């Protein structure tokens, strides 16, 4: 029945309560880089959907309705791993330090960003967002040999506003397409 | 009036018959305050004495290994992290070690130290958690509170390093995701000192207190021979006197160069399991300190370049806080694994309960169950261990266990 | 021949006693919870907490389990509450003067305290859940182990009255009156100093009876058997039980203070009550510290402890009283 | 009288923790909430693991086909008024263990999704695991609902 340590510890604790004031005061320990609610950055995000592709929990979804594309994080499903932040090519999504997410309505628990879709000139189906296309163009032009830059820019202008299928058709008409598409019979 | 009396007379003796009957069955679980997780012990008791035990698992079966086959290697990292909440870093370390074996990836030095540091901090958090919960189960709520107060310091360190209190998401294939900056290291060292002191007080309290001694010494004893036969791992094995530790036997991360002791005890009862875990806490603090010292001097990248994973198969082993954790992966050259198999320490240790529980009093069942630090979240994927007649079944080999579990 | 006025006076006194018991228990329950929280490095609940819990329970759904014996299931909380209420006005708050026809017989007090425990046994057995039954059987074991040293230690002061000079009496008021004055030097004439071993035995027994660790919460060990006898209770019936359990802070400490700590020390009216309550509070605080700094023992340990050590203490003191050394 | 009852309900919510499935990390965080740093007893919260005594059921983890029956049974054992808090992403929707994208949760061969597939849920606390502060916030919302009555 010797419990000197226990009683000593207990009496020491009497004068040093470790309790924070939380609901009536600030949270105890919020370090820098806390993995909280993911937020899209309006300026940087181009709506490419890489985050939706890599999300482990499939919390990010892309929906194209009419001429708008909505990227939304349904955060009751999010596991706050930060993989989307790692993978984003444009620094367009980041985990904020917001963690007080409790809600009684699951329907509103969503973070989303909207983009206008660019339509195909030929078949008027959606290609991608305007920002995404400009970024692609920029990146292509940046890495290209300046000698052929003009020719490439000319080609890009032709293909820019076409969807994947129509691009293939056009390249077939212009006779620049690789042979395999003939044999596959895509033209049907 | 007479009718009422008759019904009363009927009902009361019936209940007395039930209770005074020599044996009756008590359901412990699937949801019980002592267990927290869904598992089901069917205890046949005589008064307070446990005669037979049946164990039924599977309430927590999530089909993780099936899910893993449909997700990419990187996505699986976070899936396997969520096999178990307490040893999440051990799971990711094991998984990434296995994938690195498949891909032939060499870890940078700095990544190795950070990985070891996280693993050891997690061991501290897990063992402190165990000590607290164990104290609570024998009714010592105060020590539970005080131990968990000190445990908050580890969580603060882990939160500062990784950005989350649990599920650190630090490991990635070929390294770690976040670096530890030079300015943060002194703060971590300070917290480690606090932890060291807290560990010492906890050990002293456990050793000194008559109540804890009376409740744990000689309870739930696992014989060394039986322990070897059913091949328990981790602290349970070490408490029974079997000196196994993957960190020493098959070093991964930076363990090959770090000096540390493997703590063992001889009795195999709950008291020695507590001693082993408390001893390991001190060792873990030492290893963390070593890693921090190395991190101060070593520079370089924290991630190796990862190319495609070639077809093949690999087995990775890691010492999780609960014992040996094994991952087996088959790759077919695509970005998703062909087959993933996880064997967790609790999977082996749970079976020991069927040998530890019979003969103990009902009051000791919660602490005995907790003594092996069971992690049903780890275990519940494919396993059902049923022992119909404890008394007659004297030897159970590992083959039988595997046969039962498939 | 008592007049109507006498009866009214007695009834007023009874209500006053119950009111005092209630408010002291409320305060003591808060001190118990707050102090144990502070000793565990926490902040603890506010002062209204014990009463808010009980009010809330009365507002919950009424419920009787299908397997329960409905009559006993509903009766047992009432038995517990009435037993503890009778106890709370039978034990005088430190004053030798206490009106009423009852002689405040120690034997009756003993019986009602057993009845209070038995109510929980009935509750456990009637509720029809295995956990309730285990809790009930544990409670029976606790009664068997605790009551013997408790009974002996309870009767020692009244047996000792003969030695003090006022003659053998089972009345608790006589025991209080006998403890006035000085023992040696500055030590008051308390039975604590006359029979320290018996007081230890009684203290431990009362500690256990008021659900304090190391032995007290064995029958309702939360981690082992949910809430023991009260597992299947909920709503208003649980509220009655909780109310009855609240009074334990007054009844069992008051019993100890009256018998071994001299009650109100024979002071004039408001002072003796104050001194008595302070003593009770000190006992509650000591009980809390013991409760907080110990683990829960097994039932076999409780048997061993009470039927060897405590019984030895009590019997030794009994022999001292009877032989007179 | 109703005012007194609603006050008492708001000041004395007893909780029970139910682990439905998942990785049991939220379980530990709930225990954390009871320990010195966050000590919810100052808000009147008591940890009663007996569902019969509890007012707020804190559930964590995804619901597997195996455990659905037991979750329903535990919920039925509670006495009204009762509230349910779904803790963590698994309890809210099924989290990482289910298939499908975004809101469209598709069952796998074992997991049927969040706790709301088995019992009615009043408060959702996303996070993996939620910080103890977030748990306290979720419980506070449940208390507000409890105050308003059934």
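So that you can tell them apart, the chains are marked A, B, C and D in the order they are listed, and the count of residues begins at 1 in each.
Criterion: contacts are C-beta pairs under 8 Å (C-beta built on N, C-alpha and C of every residue); 3 or more make two chains touch, one makes a residue touch a chain.
Please read all numbers here as calculations on a predicted model, not as lab measurements.
The chains in contact with chain A and with chain C alike are B, D. Taking the mean of the C-alpha atoms as each chain's centre, chain A and chain B sit 36 Å apart. Between the CA-based centres of chain B and chain C the separation comes to 43 Å, rounded to the whole angstrom. Rounded to a whole number, the gap between the C-alpha centres of chain B and chain D is 25 angstrom. The mean-CA centres of chain A and chain D are about 30 angstrom from one another, to the nearest whole unit.
Residue positions of chain B touching 2 or more other chains, listed in rising order: 32-33, 78-79, 82, 142-143, 145-146, 149, 152, 164, 167, 209, 211. Residue positions of chain C touching 2 or more other chains, listed in rising order: 39-43, 222-223, 226, 292-294. Listed for chain A are residues 3, 6, 10, 13, 17-19, 56-57, 79-81, each touching two or more other chains.
If touching chains are joined by edges, the resulting network of the protein chains shown connects every chain directly with every other. Contacts from chain A toward chain B in the complex involve residues 1-6, 9-10, 13, 18, 29, 31-35, 54-57, 79-83, 86, 95.
Taken in their complex, chain B has these residues touching chain A: 71-72, 74-75, 77-79, 81-82, 142-143, 146, 149, 152, 156, 159-160, 162-164, 167, 169, 177-178, 201, 204-205, 208-211.
Residue ranges of chain C in contact with chain D, taken from their complex: 33, 37, 40-46, 48-49, 52-53, 55-56, 59-61, 63, 222-223, 226-227, 230-235, 238.
Note for the complex: chain A touches chain C at residues 3, 6-7, 10-11, 13-14, 16-19. By the touch criterion stated above, chain D contacts chain A in their complex at residues 36-39, 42-43, 89, 92-96, 99-105, 114, 116, 122-128, 130-131, 133-134, 136-138, 140-141, 145.
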